[in-house]
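You will see two complexes here that share chain A, one where it goes with chain B and one where it goes with chain C.
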Partner chain A sequence: MKSRLTLLLGGLIWVASALLALAQTSLHLPRTVEAGAAFSIQSAGSGKAVLYIVGPAQVLRRDVQLGETISFAAGDLHNAGHYLVVLVGSSTETGAFDVTAAHQPTALSFIAKPSRLPVDLHDGISGVAYVFDTFQNLVLQPTQVSFQLSGVAGVPQTRTVSTRNGVAWTKLDSASKEGAAQFTAQVGGVADKRVIQQVPGEPCRLRMNVRASGQRLELETEPVRDCSGNAVPDGTIVTFTEIYNGGEATVDVPLKRGVAKTEMPAYHGATISVATGVVMGNEIHWGRE
Partner chain B sequence: MTSGRLLAFVIALATVALVVVGTVWPFQSALAMAGAAGSGADRLRPSSSPQAAVENLAGEIARRDWDTAYANLANKNEFTETDFIRDLAGSYPSLRTHASLDSFDVRPQHASADDAQVRLNLRWSTVVGTFLDTRDLRVTKSGDRWGVVWPLVKEPHVPPQVIAVNYLRWDVIYRGAEDDWGAQDVESPHVRIVDMHPVERAGGVVILGELLNEDVVPAFVTVKATLLAKDGSPIVTEDSFDKISHVLLPRQVTPFLIEFHNIALSEVDSVHMQPSSTLIAASADPVIEIEDQHLNPGPQPSLTGKLLNQSGQVVNVAHVLGTFYDNTGQLIWVSDGYVERALVPETPVSFAVSIPPDIASKVKTERAVTTIYSSNRFQ
Partner chain C sequence: MMKMTGHRRVLWKPLLFVCSVLATLLVWGSDHPTVRVEPTGSVGPRTLEKQTETAVVRDYLQAWRSLSGALGQNRAELLNRDFVGTAKEKLADTIREQTKLGIETRYQDSKHDVQLVFYSPEGLSIQLVDTVEYDMQILDHEKLQATQHVRARYVAVLTPTEVQWKVRVFQAEPE
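And now, the complex of A and B:
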């Protein structure tokens, strides 16, 4: 019973001394500090103590003389976030302050998607920009970001968007002409560029011609283009199918220099068709008037 | 306890009896195969009958004992040993080159006093399955010995020439470690499933479909399917393995087939399809023509045809995928087959893709595609 009373009394004394210490906090801390900026902390009292500043990915330790101003040089604290201050001397004092990102954006991370898409696609390109200060802290204050998409032809598309929580985003249309477009995000004097490859869409009109060459037929498509007139890229597979009496022949041919050409056996009365992907071309009946 | 001992005694006795029977009266095919690891030639019967002569030859082929096999042929004066080896192992690296003889059987057709016809079925084992090589052999008697007249299949030799090819290929530069985190990697090719049908078959579920590369770059594709139960929980996931053409050039379409064993379609509420694609470096050549395609009905229906390599490059392995449609144009089956010989330029090579007999009667049209592997493709 006696030991329990002693324990209780001891606990009360410890709590009271801690509360007293807090009430007598003599640290004068700034509420916020800009990342990388110089700042100072005013202490009171006398004697020596050790000051700890603990924050995200950074800890500072200083031996200090109480009653003096403790100065921190520019760049001493550069990670934005909430910092805890602990002064350990004859008593322990604590406090806290925030480090905020610098107001001046100096870096940009720009994500543009997709890196390749068909021409003439509404809202097909999205751009997201993250604005950072010198120390790679996300600048949370609204900042104007300018997006520009300039293609191989036509007027560039431009959007100016304000950041929300450090992020700005937009959507833009792909151009009607194929080619590599420059997609730029700019904030202040900082810009970042991505390349968006705008590629031809579905082949719009697929036609082939045929001519006899001995026992074989020479088949060749006309230049294959999409509905905007862009040449469908080389390597695109064109399938020629020949159906004749009881038999069939097929060949997958890549476009080369805009056309696909191959040879197939010549059968009187054969029906020859051409297709690419799910797009059908014309049909030729060989040997029929 | 007593019955257990009795069972163990019976099993041990049966094992000993089978070992004795197998040693005293060995099955010739098995004997020849066993001889592959040792001096099996010593244990083969003398060629005192047409059947024994063919079995001995098959055993020597199984052991790749080309010298002995060639020396025992009755018509070795008609071709060289190199021609004989090339007939069986291929002139160019192909599935044949790396195949091993899994088993064989000998079927006498008819025989006279000094002449016989024998059919030899050689079942070769490869990494993609087995293939059957059937040879109808004439066996002649010379003295007291029978010798096989080997029907040499000589692979055509391509004369020296230059074949001009406008070589087209895609190379890819992927994202590097030094790139900013915002710099995106190259976009994966856009692929789309254009057709898909689940069907119940042989106590399981089969998913048939077709996949289109709708992008302008080559893709390495796979298709996975997950069967979902009525409560939405996944039952099982499978992929198409080799029942698909994995490399798809722009606008190319491949069929795919995914098999689920021991599942009833009635247990399945829905199917979750997961096509995936990766941008790869690829070449648009060589171009392979699939000619003389015929649907062959009968007890063992098949799609047969010939592959013609239109390029100047040797194709080591060719894989043919057949897509079969009914009279309404609906996809009803996908079959595949490998060609065991290399495709040399401008030389037709036959292929056959089997079709299940119950499916074959419904097939109205078909489409064949081929996927190829060349050992020097990226050189």
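And now, the complex of A and C:
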């Protein structure tokens, strides 16, 4: 009887001490920590142990005294991620917590495309901005990003977009006037700028005039412009074609100061046409009544 | 009361050893995690072709294998194949730190639930969210300190290179 009682008492003491040990060595972890912020972990129990904080983004190892508060200074843990915490002493305790990106964005990764495009193109320019904190962590909390396209005549186009999973994007129209535009993405006090070159579009209207000069015809286009009135760049090829008595002559001329000029033989009854790219100009019938 | 004979004791130890090996193999031996790709609805301004989606998921899963090898063996060069930019730099820093501390970490991914969430209009970046489950082992000077099953939500941004997609941003966030 006495031995049974001793056994029961011993068992109770063992269970109680095991529970006490479990309670004493339990880790008190923060649920989340902001990247780069100071934080502490409370351990219980006594004796020495080794604390590991491990994730793919960062690893820390500390020799600790159980029962003391383990403090981590600002900057010790600066990479956002999910961290496993392991405390190895007389027993092993595990836990986990998350490190989130700092709330203040300090960097942008801004991709603007294309760098060159025709004027007056609807949704022709795209901008994508990824928002990062000072430790190059993607800021996953929704953040307002302001996109602005300016620098050419007219009112600047502005869009404010909230990030989703750290990224914001927009599409904007190219301006109706040619020239360099500034495309800016801004979040808080951080801005990133790209230059977008807006060039004239396809010629809109092509018209030539003719003048006789002895046995030759002097052909000259009117200034070639796109549909928004921008001069088509010099060097654009204009093709003059003359069809006469079953024969054909073709001359390719680059635009110079906005116009194309050439001379062709003056055949009676010839038909002369002009074209550039996919745009046909007027036709002239020479010498017909 | 039944007593274990010497003969049984001899059999018991190898059986225990075989069971432990089998259990370890079950956890660490499987090379192919279960992968579920969520149906892709709208991923933003650009249409995502099935072929692109397949390539992105394939390359992302391959990146996990590279990560596992690199962190398990403390070999940063194993990251080159599948990581670029910030992700590669941060993982390489972890490997440097592990080497300094004499630590190795083994990651064995067992389950991925992947959803592609953003494909940029110019096609230069694609973002996915992955609820991943993995087993993690921590070894300090080759001594196993802990094995833990982890479930976490990762956000990854991949960018195209000459022949494949590489992970540029790799970051876990609270679920």
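Things to note:
By our rule, the second predicted complex is superposed on the first by the 239 of 289 C-alpha atoms of A that agree within 3 Å, B and C clash if a C-alpha of one lies under 4 Å from a C-alpha of the other, contacts with A are read in each partner's own complex, and residues count from 1 in each chain.
Keep in mind that, in the parts below, a residue touches a chain if its C-beta (ideal position, glycine included) is under 8 Å from a C-beta of that chain, and two chains touch if they have at least 3 such contacts.
All values reported here derive from a predicted model rather than from experimental measurement.
Within the superposed three-chain model, A:Trp169 lies in touch with chain C and out of touch with chain B [touch as defined at top].
Look at A:Thr92: by the touch rule set out above, it reaches chain C but stays clear of chain B. By the touch criterion stated above, A:Tyr130 is placed in contact with chain B and with chain C alike.
In the superposed model, A:Glu248 lies in contact with chain B only, and not with chain C. In the superposed model, A:Ile111 lies in contact with both chain B and chain C. Shared-chain residue A:Val64: touches no atom of chain B or chain C. Taken together, the two structures place residues 111, 113-114, 130 of chain A in contact with chain B in one case and with chain C in the other. Considering their complex, residues 109-116, 130, 192, 194, 199-200, 202-203, 232-238, 241, 246-254, 256-257, 262-265, 276-279 of chain A touch chain B.
Of all the residues in chain C, the ones that touch chain A in their complex are 44-45, 67, 71, 86, 89-91, 93-94, 97-98, 101, 103, 105, 107, 117-118, 120-122, 124-125, 127, 129, 136, 138, 140, 145-146, 148, 150, 152, 155, 157, 169-174.
In the complex of the two chains, the chain A residues touching chain C come out as 31-32, 50, 52, 54-59, 61, 79-82, 84, 86, 88, 92, 94, 96, 98, 100-101, 111, 113-114, 126, 128, 130, 136-138, 140, 164-167, 169, 171. Looking at the complex, you find that chain B touches chain A at residues 166, 168, 170, 180-187, 194, 212-218, 249-253, 284-285, 287-294, 305, 310, 366-369.
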